[in-house]
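After this come two complexes, each holding chain A, first together with chain B and then together with chain C.
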Partner chain A sequence: MSSSLLHPPAHLSPSVALQLSQQAPAILQATPSSISSYSLSYLWSASETPELWTTYENLMLSCLRTGDEESAHLCLERLTARFGTDNEKLMALRGLFQEAVAQDDAALKKVLDEYEAILKRDPSNMPVSKRRVALLKTMNKIPDAITALNSFLDDSPTDAEAWTELADLYVSQGMYSQGIFALEEVLLVTPNAWNIHAKLGEVNYMAFKATSDQGSDKLLAESLRRFCRSIELCDDYLRGYYGLKLASNELLLALPQASRQKPDGSLPLPSQKTVGLLNQKATSKLSEIVRLNAAGDRGYQGYEKAEIIAAKELLNRESSKVVR
Partner chain B sequence: MSKLLDPIPHHHSYGVLRHYATVLMATAPKKQETPAIREQRSLLRGINLRQNANAISPVAFNARRDFLVTAYESGQFLKAPEKKGEAAPNPMSDPAAMDGMMGMMKGNMMMMVPQTLIMGWINAFFSGFVVIRLPFPLTIKFKSMLQAGVATKDMDPQWMSSISWYVLCIFGLQSVFNYLLGSDNAASQTAQQMGQMGPGAGANMFGPGVDPDKQFQGEAENLSVLAHYYTLAGVEERLLKSLS
Partner chain C sequence: MVLHHHIYLHTGGRTQTNLQHPIMTWISKSVTGLGLVLLAHACYSANEHSALNALSTASLSSTTSHSISMPSVASLPLDISIETVVAIFTVCLGLVLGTPELRPIEWRVWAGKIEREGEKGFMNGSGEVDVGYIGNPFKMLESRPGFVDIRKQRKDFAEWVREGGSVEVGSKK
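Entry: the complex of A and B
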C-alpha cells in the first residue's frame, strides 16, 4: 500500500490520483471487508489500525476524483460498517459522495437540503457545516457560502482551514481587505506557514493592482515584505521568489513618486537600493531554479510544472524587454 | 465467549475478559455543545493572538486586541453570559463532570471486583499449598514474600506458595496481555494508572471548577499589556544579508 494513501489527497496530481484509484479494486480485495473488535478472529488476525481507515477515506476521495464511483461506494460502505451512520465525519463523507454522483443542480439542491436538515437537528456538527459551505461554493452561491463560513468561524475561531477558505472566497469576490484579515487569522494559528505568508503577499499585490489610491504603495511594500518572509522561512521557495520579483518590479516604478510621509503606525517604505538588490536576487534565483530543474538536478525536482513554466515566462518577458 | 476462553489458562482469560468488559462498559466521550466549543476556542484565539502576534502588522494586531479585550471583559464568548460574575459551580453538581467521574468509577470497579473475587477464591482453595520450587537459591528474607499463607518456619525460601505464585502472575502477565490484545488494551495496568493521574494538561485548562470568566479576564489583561513587535520589520535587509 503506497504511503501517498495516508496523506490527504487534495495535493495529489491527477496522474497520481488516477494511479491510486486504479489500484482500488486490488486494495479493497486485499483488506478484510469487516473488522469487529468482538469476534474470535480479532485475537489472532492483525488488529485494525487507524491507517486502514485513513486509507479507505483517501482511496474514496481519489476514486471520486477519477470517476470510479463503484470503488468509492465500497469504501464508504466499509467505513459505515465500522463507524455507524451517525458518525459526524461519515455524514460529511456520505454527503461528499452524493455531491460527486449528483447529475444536475436539482440533485445538488437535494444534498444541500439534507445538510440543512442534519444541521437543524445538530448545529454543532462541524464536518457537515464545512461540507455545506463547500457545496454552496460549488453551486456558485458565494455570498451564502461566505455568510455560512462566517457563522461557522464565530463558533470556532481557531480553525485555520476555514479561515483559508474564507480568504479564498473573499478574494474571489474582490474583497481584498477582508481576505487579508482572514489570512492574518490563519497566520495567528500557524505563524510559520510560508505558503500563507506568500499568499498574503499575493493578496496584497492584487489589492495594490486593484486600487490607485495614495496609500496603495503601502500594500505593495507589505506584499514585498511578505514574500521576503516566506523566502526567509523556506529557502528556494519558487512562489516566494516569483512574487518578490513581481512586487519589486512594481515597487521600483512606484518608489520615485512615493510620498515620503511617515505612515500611520505601519512600516516605512523600503529604500530604492534594497528593492533593486532584492529584484536582482529574485531574478538570479528564479533563473537558477528554472535551469537546474530543466537540467534534472535532483534537489530541484519538487516544483510544480505550471509554476516552473510561469517563472520561465516571467524571465523571458523581462529579458525581451531588455533586448528591445 | 466461552469458545474464546477455553484454550487459555485462567489468569489469561481473566485479563482478556476484563479487557472486553471494560470496552463494553466504557461510556462514549460526551459531545460538546456549540456554546462550550465557542467559549474554549474564543479563549484559544486570544492565546494564539498573544503568542503569534509578531506575524501580523501593528495595525492588524491593535484592531484584534481591542476587539478581543472588549469582548472578553464583557463576557461575550461565555457559554452562559447571564451567569457572569457568579462563583464557579461546584464540580460535583455539574452533570457533565459527574459523567466523567462515573466512567472512572466504572473502570475502577471493573478492575477491583473480579480481582477481589478471584483473590478470595484462591485464598479459600489454595492457601497452605506449595506449588513450585524456584531453580535458584534465595536468602531467608524472601520467605515472607514467597511463602505467604504457608506458616512453616524452616522450609527453604526456594519453595513458593500458591498465593505468592498468583500475585507474581497477576503482575507479570502484562506483556502477555500486550501481545494478545495490542498494546493499548483496557486490561493494561499502566494505562489504568495513567487514567487515574488525570487527563492531559490541555483538558485541565477547561476542566470543571475553572471559572471561564476569570480565564477571559486574565487573558484580556495579558493581551492589553503585550508589547508588539512585527517580524516583517526589516525582513528585506535580513533576507539580503542571509542571501549574500
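Entry: the complex of A and C
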C-alpha cells in the first residue's frame, strides 16, 4: 500500500489522486468490511490497525475529489460502523461528503444549517467548526468565514492550521497587514516551518506591491529577511531563493531613494552592498538548481515542475534585460 | 539545530542499502568475512591449546608419582590473544564500512534533502518510499486538510480531466 494513503491527500497532484482512487475498489475489497472482536474470523484475519482507518479517511477524500462517490460512501459507512455517528471527526467527514455531492446552493445551505445545529448542541466540536468555515468559503461568504474563524481562534489560539487559513482569507481580501499578523502567529507555534517563512515573505512582497507610500520599503526589507530565514532553515529552497531574487531586485531599485533615518524603533534597511550580494547569491543558486534539474541530476528531481519553469523564466527575463 | 524527529527513531538502521556503492558493500563483506575466519581460527587454536595442555598435565601427573603443584592451565600464548583482538577489530571495521548512508541530523540539511530530492531521496532497500516519510511536515499548513474545499477540488479535477490529464506512466511505480 502506498504511503501517501496514510497522509492527507489535499496537496497531491490530480494524476496521483486519480491513481489512488482507482485503487479504491481493490483496497475496499481486500480489507474486511467490519472488524468484530467476537467473531471466529478474528483469530486468523488481520487485526485492526490505526493505519486502516487513516487509509479509509484519505481514500474517501481522494475518491470524492475524483468523483468516485460510491467508493467514498463505502469508506464513510465503514468508518461510521466502527466509530459511530456521534464521533466529532465523522460528523465533519459526513458533512464533507454531503458538501461534495450537493447539487445546488440550496443543498449547500442545508449542510450549513446542519453544521450550525451541531455547533449549537456542542460548541466545542472543532472538526465541524472548521468545516463550517470551509463551507462559508466555498459559498463565497469570505467576511462571514473570517468572522467565524476569528471566534474559532479565540477558543483555540494555538491552532496553526486555522491561523494559516485565516491569513489566506485575509490576503484574498487584500487585507495584507492582518494576513501578516496571522502568519506571524503561525510562526509562534511552528517557528521552524520554512515554507511559512517563505509565505510570509511573499505576503510582505505582495503588500509592498499593493502600497506605494513611504513606509513600503520597510515591507520589502521585511520580505527579504523572511526569505533569508527560509533559506537558512532549508538548503537549496527554490521558493526561498526565488523570493529572495524578486525582493532584492526591487530593493536595489528602491534603496537609493530611501530615506536613511528611521523614525520608529524598527530595524534599519539593509545596505546596498548586502542586498547586491544576496541578489548575486540568489541568481547563482537559482541557475544552479535549474541547470542540475534539467541535467537529470538524481539529487535534484524533487522540485515541482511549475516552480522550475517559473525560476527559469525569471532568470531569462533578467538576462534579456542585461543584453538589452 | 539538531533535529529530534520520530522518523529517525524507527527507520534508522535498515534503509538505503541499495543506494550504496556496490564496491563498498563488497569490500565490507569480505573484510567482515576475513575477520570472522580469523576469529574462528583463534577460537580453534585456543581450544586446541587448552586440550593439549590438559593432556600433557594429565600424563605428567600419571608418570610422576609424587604430586608437584603444577599450574593446571597455562596462560594462552601471546599469538592467539593478538589474533583474537585483531579479528574482533577486523569484524568491527567490516560492519562499520557496510552501514547505510547516515541521515542528516541538521535541520537545514534534512529540509534541503526533502525539497531537493522529494520522495526519491527516502527510498528503502526494496525501492519503496519509507513508511516514516512524510515529506515537509509543514506542508499541511498550506494544504490544510481540516479546511479542504472539496467542491473546488472536484471542479479542478474535472477541469484537469477535460484537458486530457491521465495517470502518468512514470508515477506508476
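By our rule, the second predicted complex is superposed on the first by the 314 of 324 C-alpha atoms of A that agree within 3 Å, B and C clash if a C-alpha of one lies under 4 Å from a C-alpha of the other, contacts with A are read in each partner's own complex, and residues count from 1 in each chain.
Note that in this section contacts are C-beta pairs under 8 Å (C-beta built on N, C-alpha and C of every residue); 3 or more make two chains touch, one makes a residue touch a chain.
Everything quoted here is computed from the prediction, not taken from an experiment.
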Message = As a test of reading the superposition: which chain, chain B or chain C, is in touch with more residues of chain A?
response = C
Query = After lining up the shared chain so the two structures overlap, which partner does A:Pro14 touch, if you call chain B first and chain C second: first, second, both or neither?
reply = second
Message = Looking at A:Lys281, would you say it contacts chain B, chain C, both, or neither? Reply first, second, both or neither.
response = first
Task = Give one of first, second, both or neither to describe whether A:Gly302 is in contact with chain B, with chain C, with both, or with none.
result = second
Query = Counting only touches as set out at the top, which of chain B and chain C does A:Asp154 meet: first, second, both, neither?
reply = first
Request  = Based on the superposed arrangement, let me know which partner A:Glu232 touches: chain B (first), chain C (second), both, or neither?
outcome  = both
Ask   = Which partner does A:Leu52 reach: the first (chain B), the second (chain C), both, or neither?
value = neither
Message = According to the stated criteria, A:Leu187 is in contact with first (chain B), second (chain C), both, or neither; which is it?
response = first
Message = A:Ser124 in the overlay: touching chain B, chain C, both, or neither? Say first, second, both or neither.
response = first
Note = chain A residues contacting chain B in one complex and chain C in the other 232
Inquiry  = For a test of understanding, state which residues of chain B touch chain A in their complex under the given definition.
reply    = 3-4, 20, 23, 31-34, 37-38, 41-42, 44-45, 48-49, 52-60, 62, 180, 182, 230-233, 235-240, 242-243
Request  = Using the touch definition up top, name the residues of chain A that touch chain C in the complex.
outcome  = 2-3, 6-8, 10-11, 14-19, 22, 61, 64-67, 96, 99-100, 102, 127, 130-131, 133-134, 137-138, 160-162, 164-165, 186, 190, 192-196, 199, 232-238, 298-303
Task = Using the touch definition up top, name the residues of chain A that touch chain B in the complex.
result = 37-38, 40, 43, 47, 123-124, 154-159, 181, 184, 187-189, 191, 222, 224-226, 228-229, 231-232, 264-267, 270, 274-275, 277-278, 281
Ask   = Inside the complex, what are the residues of chain C that reach chain A?
value = 1, 107-109, 111-121, 128-131, 133-136, 138-154, 156-158, 160-161, 165-168, 171-172
